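Down below are the structures I want you to see.
Both of the next two complexes hold chain A, though its partner changes from chain B to chain C.
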Partner chain A sequence: MLAGQSGADPEYLALLRTRLQLDRPLPYQVASYLRDAAQGDLGFSLVQGRPVRDAIAGRLAASALLSGTAFVLAALLGIGLGVIAAARRGGAVDGAISVCSLLAFSLPVFWLGQLLVALFAVRLHWLPAGGMRSADGPGGSLDVVRHLVLPASTFALLLAALVVRVTRTATAEALGEDYVTSARAKGASERRVLLRHALPNALRPVVTVLTGYLGIILTGAVLVETVFVWPGLGRLLYDSVLSRDTPMLAGMLLFSAALVVCANILADLLYRLLDPRTRFG
Partner chain B sequence: MTLRPLLGSYRFVLGALFLLLVLLAALAASLAAGDPFQTSETILGGPSWSHPLGTDELGRDVLTRILHGAATALQVALAAPLVAGAVGTVVGLAAGYFGGLLDDVLLKLMELTLVVPRFLIALVAGAFFGGHLWLIGAILAATFWPSTGRLVRAEAISLREREFVEASRSLGASDVWILSRHLLLLVAPVVAVNSSFQAGQAALIEAGLAFLGVGDRNVVSWGAMLADAQSYLGTAWWTSVFPGIALALLILALNLLGDGLADSWNVRTRTRV
Partner chain C sequence: MRHAAHRIAAAALLLVLLVLSAASGAADTAIRAKPLYGGTLVVAAGDPGPLNPAITSSGQAHPITGQIFNGLIRLDRYFSPTPDLARSWRVSKDGRTYTFELAPNVRWHDGRPFSSADVKYTYEQVLLKLHPRTATLADVIERVSAPSRNVVVFRLKQRYAPFLTWLDEDNGAILPKHLYEGTDPLTNPVNLRPVGTGPFKFESYTPGDRVVLVRNPSYFKAGLPRLDKLVFRAMQSAQAAQAFEAGEVDLYMFPSGPDALRFLNRPGITVTERGREGAARVVPLILNVRKSPFDDVRVRRAMAYALDTDFIARTAYAGVLKPAKSPLTRFITWAYTSKVQQYPHDTARANAILDETGARRGSNGTRFRTSLIYDASFARQAELIKTQLADVGIVVDLKLMDMNSWVRKLYIDKDFDLGYTNFTHPADPDVGWKRIYLCSNYVKAPFTNGSGYCNQQVDDLFRKATEELDQAKRGAIYRQLQRKLASDVPVIPLVDGIGPWVYRNSEFRGFGNSGSKEQFAFGEKVWWTKGSSSRR
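Take a look at the complex of A and B:
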C-alpha cells in the first residue's frame, strides 16, 4: 500500500497494521470482511478516500442511464427486426437482417466506438467525443443526451445483434408449432398469428439473453465507458484496476456477483409473466 | 454428424476461409515478417509502398504488427476453448451419465463458476499478476468449461435413457465403454458449436484486456494497437481501422463457423454465455 513511497515511519506502519487489522490471521480477516459485507459495509477505499459502498453508489446512476438506454434500444430494435426476419424466413429481408446482425455481433465494441468517435466527433463535429457533461456551455439534460448518443448506440448495437439472432430463431421455431397452425386454421390473420401467438412464446429466450447481460453489465460496460470516458461503474472498475485498489475491486466483484443473482431472479419473474404454465408453486 | 453437409453451409465455408486467412497471417509473421517492435523515422505515416498499411506513432509498421497480432489472438482463441471443451465434456458426461450426488456437486460447481463474469476475473488477475498470455488463456479456460459442461450434461441426461445405451449395457458394456464409444460422439456437435463461439469470445476478451492496458506487453496484440490508436483517430485513421478489421474478421470467422456447425448438425445452444 505504501510501496514506492519513501520515508514511511516504522511506528506509523505498525499503527496502520493494527488499525487495518493486517496483523490478524487471514481467516479472521476474511471472516470479518464477509461479516461487514453482509451488513452492507464493503470496506474503505484509500485510493478513492471514501467507503467502497459510497463510491459504487455514486457511479450507479451514470451506469444505469447508459445501460438502461442501451437495453431499451436493443430490445426494441432487436425484437422488431428479429420478428420481421422470422416472418420473412428465407427471403431477401431475412438474409439482410441475418448478415447485418452477424456482422454487428462480431464487431469488437471498443473498435466500433472508436470508428463512431472518429466519424461523428472528430470529423463531423456533430457530437461530443466523450464524457457525460460539457465542461463549459449550458449543461442540462439536453447536454447529457448529446453525450449519451454515441456510447448508448454503440452498446445498443452490440446487444441488438444478439437479440435479433435469438428472437429470429425462437420466433421461427414457434411458427412451426401446432398452436400456430390451429390459429391459422381458425382464420387468424398472419399479423395476429405472429404478434399474439408466436412472439409471446419466443420471448422467453430473449429474456434469458437480456437478463444474462444485465448481470454482466458492470464488465460489459467497462470497454464502452473507457472509449467514451463515461463516468460509470465500468470506468470506476478500470481506475481501480490501474491503481490496484484492492478493497474497491473486492467490493465490485461482490457487487457484480450480486447483480448476476438479481438478474437471474428477474428472469424467473419475467418467465412467470410470459408463460402462465410456470406460475405454479 | 458427418462432415459432408458442412461444405454445403456457406457460413461454415466462409468462416473456414476467414480463419485460414488469419492462420496464414500468423504463419507469415513467424516466417517472413519483420520485427513488430522495430521503430522507424516515419511517424504516423499513411499507407505507402514501403508500409502498405502505414506506420504508428513510433514509426512501427502496422502490417507487420497485424501479422504478429494474429499469432497472439489465435493462441488464446484456440487454446482456451480447446482445454475448456475437453474439461467440460468430461465433467458434463460424468455429471449427466452417473447422476446422483456426483451430479449435484458438479452442477453446483459449474453454476458457481458462472456467477462471476470472466472478463472481470481476467481484468483483476491481469492487473495484479501481469496479463501474460498463458494466464489469460488459463482464466478463460477455467471460466469457459462450465457452460460447455452444462450443455453436455443436459445432452447426457437425455441420452443415457435411450435404447441403444440400454442395448449396449445388456451386452455387457462398461460405463467407460458406453461413455467413450457412444455418448462422446453424440455430444461432440454441441461441444464443437459451443467451442467455436467461445473461441470468438476468447479473441474478443484478449483484445479487450490489451485495449485496457492489462494484456501481455511482450507480444503484439490487436487490442493494444487499438488502444494506441485512440489518440490519433483524427490524424491517422489507419492505426485504428486495420487492426480493427483484423480482429473483427477473426471473430466473424469463428462465429460463422459456429453458425455453420449449428446449422449443419442441427444443434441448438440456447444461451451463449
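Take a look at the complex of A and C:
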C-alpha cells in the first residue's frame, strides 16, 4: 500500500504493521477476516480511505448502469442479428453478419475504445471523451446518457459478438428439427416458425452465454471503464491491483463470487422458464 | 545582498536549462494583464484516496489537498521559504529554536478560528507520527510549543539546516485540531470531506471520478483565489491526453514523455517544468558495490563511459529529461555543480579500462554476465542499458518485475547486481539526496542507500552540511560531495530533470508564481482569461 508513496520512516512502518494486525499470526488474521466478512464488514481500505463495503457500494450504481445497458444492448443486438443470420443462412446477409461479429469478437477493447474516442470526441466533438458527467455545466440524466453512449456501445459490441454466433448456430440447428417441419406442414408462416417455434428452443445456449456474462461483467468492464474513465467497479479493481490494496481486492473477490453464484441461479430459473421440462434438484 | 546575486545567477541558469518552457512559457510573463475573476479549471489528475495531507506523501493526493490546506511556509522556485500560514519567523543564535508568527484572522472552512494549537496538535499527533516522510523529523524536533494564539516555537535537538524546507503543505500541512483530536487520523471520516484553511473549500468527492473544490470567499490572503471552482478528474494518462486534446481538461498534471512532446509548440498550450522543481531528480543506475566486479571503481567508471546517457535521455525520456552531468539534480541551483568528473560516451575507453582490470573478454566476446532488476516504467531504459553494455562485453540479463519486488530485492534483501530507483531529491540535498550515499543509511528499508557505498569522508561531509546554516557554505560542501561521488560512481547518474506539466494558456494565466511545488498550490493565483474584472 506504500507503492504510491515516497520514502517511509521505519517507525512509521512498524506502526502500520501493528495497526493492520500484520504482527498477528496468519490463522488469526484469516479467522478475524472471515468473522468480520460474515457480519458484512469487509475491512477498511487505507488507500480509498473508507470501509471496503462503502467503496464497493459507491461504485455499484455506475457499473450497473454501464454493464446493464451494454448487456441489454448486447442481448437485443446479438439475438436479433443471430436470428436474421440463421434465417438467411448462406446468403450475403449471413456472411456480412458473421464477418462483423467475428471482427468485433477479436477486436481489442482498448483499441476500439481509443479509436471511438479519437473520432467522436477529439475530432468531431459530438460526444465526451470520458467520465460519467461533464466537469462543469447543468448535468442531469441527459448528460449521463451522452457520456454513456460510447462506453456502452463499445462494451455491447464486444458482448454481442459471441451472442450472435451462438444464436445463429442454435437457431439454424433448431430450424432443421422435426417440429419445425411439422409446424411448416400445418401451414405456419416462416416468420412464425422462426420466432415461435425455433427461437425459444434455440435460446438455451444463448441464456448460458448471457448469464455467464453477468458473472464476468465485473472483470470484463475493467478495460472499458479504464478506457472511458468510467467510475465503476472495474476501475476500482484495476486501481486496487496497482496500489496493492489487499483488503479492497479480497472484498471484491468475495463480491464477484457472490455475483457469479447469483448469475448461475438466475440461469437455472431462466432455463425453467424457457423449457418447463427442466427440473430442479 | 548575497541572496539576490544568487538568484540572478540561478535565474539565468534556469532560463538556459528550461528549454521546454522557453517557447510557450515566455508568453505568460510577457503578458502582464490584470487578473480576472471567476471560472472553472478542470484538471486531469489521479484518484486521490483520502484527502488528509498530513498522513500521506502521495503525489495523487497533494495536488488536491494543496489547494485546501496550507503549511507554515511555502518554497519558492529556488527552494527558499516564503510565508504561508506563518507570516514571519526567526531562528535563534544557536540555530535550534525557530519561532513562527502566524498570519492573523485565519479561519477554517467551517468558520472556526485557526490558531497555534492546531499547529502544535498536527505536528505532535499526526505529522511526526503518521506522515511517511515527516515522521523522520521526530528525531530532530525536541518539542513544539504554542506560547500564544499566533506564535509557534519549534525547539530542535540539534542544528538542522534543512528544517524550513520541511514545513510546506507537502510535508507539513496543518489540520483542524477540533475535527481530529481524539480520533484516529488514518480512518477519520473527515479525511473524505476535508476542512482546511486554503484558497479552496471541499465540495464533493466521487471516487474514481472527480473531486470538486469551490472558492473560499474568506481566504486569509486578500483578493485570492481568483477562480470559482476547481474540478479534478481521475484519469489515466492515455485518457487524460485525449480529454486534454478534446478540450475537456485545462490542466494535465502528469503527462508521459510522448504526450508532453505531442503538446509542445501548440498554440494556446504551455508545456513547462516551471513550478515542478520540487519533483526534480537524477535517475541513477545503482551498482551493488559490495559485490564483485562492481567493488572495483575502475569497472564502475568503465560502465559509466560505456553508457550513452545522451541517447538514453533522447529516446527513453523523449528528451524531456536531460542527461545527468552530476549526481545531484541541476534544479537545486545553490548546491549544484557540473564541474565534476564527466563520463562522455566512449566505448573504446571503457574497453581499455576493463582490459586493465583483468575482466578480459572470453572466446565469445563476453567479459562478465550480470543482471538488472527493474519494473515496466524503466523497460526502454533497461533495453538501452543492455545494448550499450553489450558493446563493451558486459552481458546484462534483464529481470522485469513489479516495483514492490525490486524494492524488496534491492533495498531489503540486497540481492541484485544492477538496479535503478526513481525518487525525487526534494527541496534540500540533505533530505532526498543524502540517503542514497550515506553509509549509516545502508539498512534494510526501502529507498535508502541501495548500492552499499560506504565512505567515512562522505558521511562526515554530509553531517557537516546538515549542521551548517549558511547556505553558501553548505553549497560548497555539497559541491565537494558531488565531485567525490562523481569520481567514485557508486551509482551512475543517467538523466536529470522533471516531467513537465501541460495547461491551456489561452484560457488560464497566472501559472509560474507559486513556487517549486506549484502543482500543489496553483489554485491560489491562477485566473481565467474570460473572467470578469471584479468580484460580483
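Convention: the second predicted complex is superposed on the first by the 258 of 281 C-alpha atoms of A that agree within 3 Å, B and C clash if a C-alpha of one lies under 4 Å from a C-alpha of the other, contacts with A are read in each partner's own complex, and residues count from 1 in each chain.
Following the convention adopted for this analysis, a residue touches a chain if its C-beta (ideal position, glycine included) is under 8 Å from a C-beta of that chain, and two chains touch if they have at least 3 such contacts.
Keep in mind that what you see is a predicted model, and the values were worked out from it rather than measured.
Engineer: Thinking of the overlay built on chain A, is A:L15 touched by chain B (first), by chain C (second), by both, or by neither?
Structural biologist: second
Engineer: Go through the superposed model and pick first if A:G58 touches only chain B, second if only chain C, both, or neither.
Structural biologist: second
Engineer: Can A:S106 be said to touch chain B (first), chain C (second), both, or neither?
Structural biologist: first
Engineer: With both complexes superposed on chain A, which partner does A:D178 reach: first (chain B), second (chain C), both or neither?
Structural biologist: neither
Engineer: Looking at A:R50, would you say it contacts chain B, chain C, both, or neither? Reply first, second, both or neither.
Structural biologist: second
Engineer: Mind sorting out which residues of chain A both chain B and chain C touch, each in its own complex?
Structural biologist: On chain A, the residues that contact chain B in one structure and chain C in the other are 114, 117-118, 122, 226-227, 244.
Engineer: What residues of chain C sit close enough to touch chain A in their complex?
Structural biologist: Going by the criterion above, the answer is residues 40, 42, 47, 49-52, 56-60, 129-133, 135-136, 138, 186-187, 189, 191-192, 206-210, 229, 231, 233-236, 238-239, 242-243, 245-249, 403-404, 423-424, 443, 445-447.
Engineer: In the complex formed with chain B, which residues of chain A make contact?
Structural biologist: Touch list, chain A to chain B: 102-103, 105-108, 110-111, 114-115, 117-118, 122-123, 169, 205, 208-209, 212, 215-216, 218-220, 222-223, 226-227, 237-238, 241-242, 244, 249, 252-253, 256-257, 260-261.
Engineer: Which residues of chain B touch chain A in their complex?
Structural biologist: The touching residues are 115-117, 119-120, 123-124, 126-128, 200, 204, 207-208, 211-214, 223, 226, 229-230, 233-234, 237, 240-241, 244, 247-248, 251-252, 255-256, 259, 268, 270-271, 273.
Engineer: Within their complex, state which residues of chain A touch chain C.
Structural biologist: 2-13, 15, 19, 44, 46-50, 55, 58-59, 62, 114, 117-118, 121-122, 125, 128-133, 135-136, 226-229, 231-232, 235-236, 239, 244
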